Amino acid sequence: MDPLLYVFDLIVFIGIFGIVSLSLNLEFGFAGLANFGKVAFFLIGAYTYALLSQIGLPFYLCLIAGGLISAIFGLLVSLPALRLRADYLAIAVLAFGEILRLIVKSEDWLAGGDWGITVSSAISLAGASHRVDALVNIALVYFCLFICFTVAQLLANSPYGRAMRAIREDEIAAETLGKSRAKFKAQALMLGSAMAGVAGGLYAQYLHCVLPGMFMPMITFTVWIMVLLGGPANNWGALLGAALVEIFDRGTNIVKDYFVLPIDPSNLQYILFGALIIFVLLYRPHGLLKESSIKTKALRLAYNGRRSIKNKRS
Amino acid sequence: MVNWAQVIFNSGVTGSLYLIGAVGLTLTYGLSKFPNFAHAEFMTLGAYIGYFVAEQLGLGLPLALLVAFLIAGLVGVLCYRGIFQPLAKRGASIIHLMVASIALGFILRHSIGAAWTWKPLYFTATWSAFDAGPLRITGLWLWLIFAALVLSLAMHFLLMNTKIGKAIRASSSNPELALASGINVDRVIWITWFIGAGLAAVAGIFRGADTQIWPMTGWDIILPIFAVAILGGIGNFYGAIAAAFIIGLAENIGVVGLIALGLSTTYRTGIAFLILIITLIVRPQGLAMLFRRA
Amino acid sequence: MEDALLRIREVSKHFGGVYAVNGVSLDITHGGVCGLVGPNGSGKTTLFNTILGLHRPDQGEIYFHGECINNLAPHQIYELGLVNAFQLPRLFYDLSVLDNMLVAARGHQGDRLFNSLFLRRRWQEQEKGLIEEALDILELVELDKWVSSPAGELSGGQRKLLEVARGLMAKPTLLLLDEPAAGINPVLGKKIFQKLADFSHNGITFFVVEHRLEILFEFASWVYVMDKGRIAIAGQPQNIIGDPTFYTIYLGEE
């Protein structure tokens, strides 16, 4: 295989899962929600993209629709789910994701059943080589990633993000200080689902298909590894985690192709993932990058000028 | 024409399997205060050990059950001691404990995959099927129902009449009080993990013998088992008995319904998921109030 | 008492069989410091939590500015200007001291999702002003050296101070303080009450639970004494001190 194409492919995957990782970071890292059903919203985005592109909608509308429909589902799920304790929420959304997967698996007429749906590329240039195709994909994916990252950063560094973190720390205290936990959590789930939905659409068009088997709960937990490894409540950490996990994934695949190991590398990969995450939880529960502090212009001014403020008073 | 006697009987079979699988989950959930997703892999591990003992060594089902129970129980204790207890001591949140249990699941599942490959295995022992009146029954199912009955009686005796059982109930409902009244809560917890993981292994063998054995054997039924634990009320053994048979009935009657509605029977597994979600939303304490806390 | 700021009528709250608050009626008028004392377990904190909307009263009504707030959520009650500082501090421990203060700011435009993304100018200016206010209050409670430290690094007494400061930050009409001076050195405790008195000139009314009676009675203009979930006696501090029942209820059980 063309090694450059291999690298391009890796970059695309980092971008797509970077978006999902950012979205989980918004929900878990900032708002403290245990979304164990992330893959459900990824699936919704992917199938929406696939179905709409089948009827000939342009790719950007398919992507936006995927994000919107996923956001609506996020909001719907949040209505009953947000009253739940962390563990109940986790189990409920996990089950929700499995139900969705059962539906797309069973309803051949709608979603092609086990055979899935074939999806055409978002942008296909006539006569372009594979490399150019990959570059176009990189441009598209990283454009979306840039938007999601910007949104996540703006939220993180705003009073809104501060309120979200307050709810994560102590939702009762935050509630008595005027932060409606229901509203903030619902919005976090909605925004997170929108991002995951867009990522799903990108994934569908990049892989040229959607199949129920692409949306196993394993996806959710891979994204959890990304966030926990990179550092919750740090958007750079979410991206770093996505990059490391994807590179590690490729690494074990290369090992599989070129070396003979006593243990099947694809098994070894998950054993190492599991061990890594337990190690991180035990010895580095804040991940590689620690939580980013809130940065607003006013805060920066205040911190820089603090001494002068004090001098003025004394 | 629906053979309702068969539907009821099948519900008993399904319920028996879920009960054996759920006891350990509900008890460790009640004591350690987090849902152990790696419970699925305790089942899978049991299925493979059972296969090894019964098929590869040719020692038969009863010995397979015993060996799997002991080994998986030991693995359960080691996992608790090596991972969950240290995490809890470091003040890990419930979310971290859940993620750790999933990570442990990865390790166990793929270690099993590495040891036995992902190719499905089948118990070759043929379970003679015979007809009793309107019922079609296999020997395995009788074994399964028998095992569930023995388990229920044994657990009832353990919880009500032994010191450790009383300690389990006390620690589950009020750990501080149990600690204050001189109960060695730590010992109670690891014994519960031993029994729970061991029983998961027993459930895994029955599931594997009834269908197939592969590294996802346990994960395939983990959500129905969560449904049983939660519908029964977390930590509540008697609630779990009722919930197991309710969900068994719902699945088997549900299949009849699905066929009648012309829907795919792949939705069968979804029935338990739906009950799980509805219970969590409407009544997360499950049936707990209806049963003596145990 | 039409002009009462907070009016509580026959409010009860029980947990299982225990009546933590049992038919309490009281009025808080505008301005000054009103005290609430009583032995441990007499239901003071439960009464506060019920006012705040953390518990729904089993019986009775609570009016704030004449509006019934029984069925409002805690965040709505806060919006009306009724704010609380907890007995056991509930800080956001991973956030900085200053961020803890800013979370409490009432009417921050940047708390809205839309504004945080699209109207950043609008709240940046506001936030500058809020930071000034926060620094003033932090200076007052002697936490100004800790502005950028995580709240989790504060000592027990400092946490208590931040809890109170956070309440002040909301610029409430009525601030409920649950034992603000507990765990703080006596000199600072007294100083805080002096500052509270200053704030009360700026239109904040205080409803304070406090076990340091000598401090409370110096500043309070009216005191309610609670016992076993009921208001046993009420009056001006000097009258309360002279009342023999007060000693049997309160000091007798210490």
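Which chain is which? They are A, B and C, in the order written, and residues in each are numbered from 1.
To be clear about the criterion, a contact is a pair of C-beta atoms (placed from the backbone, for glycine too) under 8 Å apart; a residue touches a chain by one contact, two chains touch by 3 or more.
The structure displayed is predicted, hence computed values, not measured ones.
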Chain labels contacting subunit B and also subunit C: A
Central chain (by mean CA position): A
Approximate Å spacing (C-alpha centroids) for the pair subunit B, subunit C: 49
Whole-Å gap separating subunit A and subunit C, where each centre is the average of the chain's CA atoms: 41
Centre-of-Cα separation between subunit B and subunit A, whole angstrom: 32
Of subunit C, residues touching subunit A in the complex: 52-54, 73-75, 77-79, 83-84, 86, 90-96, 98-99, 102-106, 108-113, 115-117, 120, 123-125, 127-128, 130-132, 135, 139, 144, 147-148, 166, 170
Interface residues, subunit A side, partner subunit B - complex: 28, 32, 34, 36, 80-81, 84-88, 90-92, 94-96, 98-99, 102, 105-107, 221, 224-225, 228, 263-264, 267-271, 273-275, 277-278, 281-282, 285
Partner subunit A, residues of subunit B touching it in the complex: 34-35, 83, 86-87, 90, 92-96, 98-100, 102-107, 109-111, 113-114, 117, 223, 226, 230, 263-264, 266-267, 269-270, 273-274, 276-277, 280-281, 284
Of all residues in subunit A, those that touch subunit C in their complex: 151, 154-155, 158-163, 165-166, 169-170, 172-181, 187, 191, 291, 293-294, 296-299, 301-303, 306, 309-310, 313
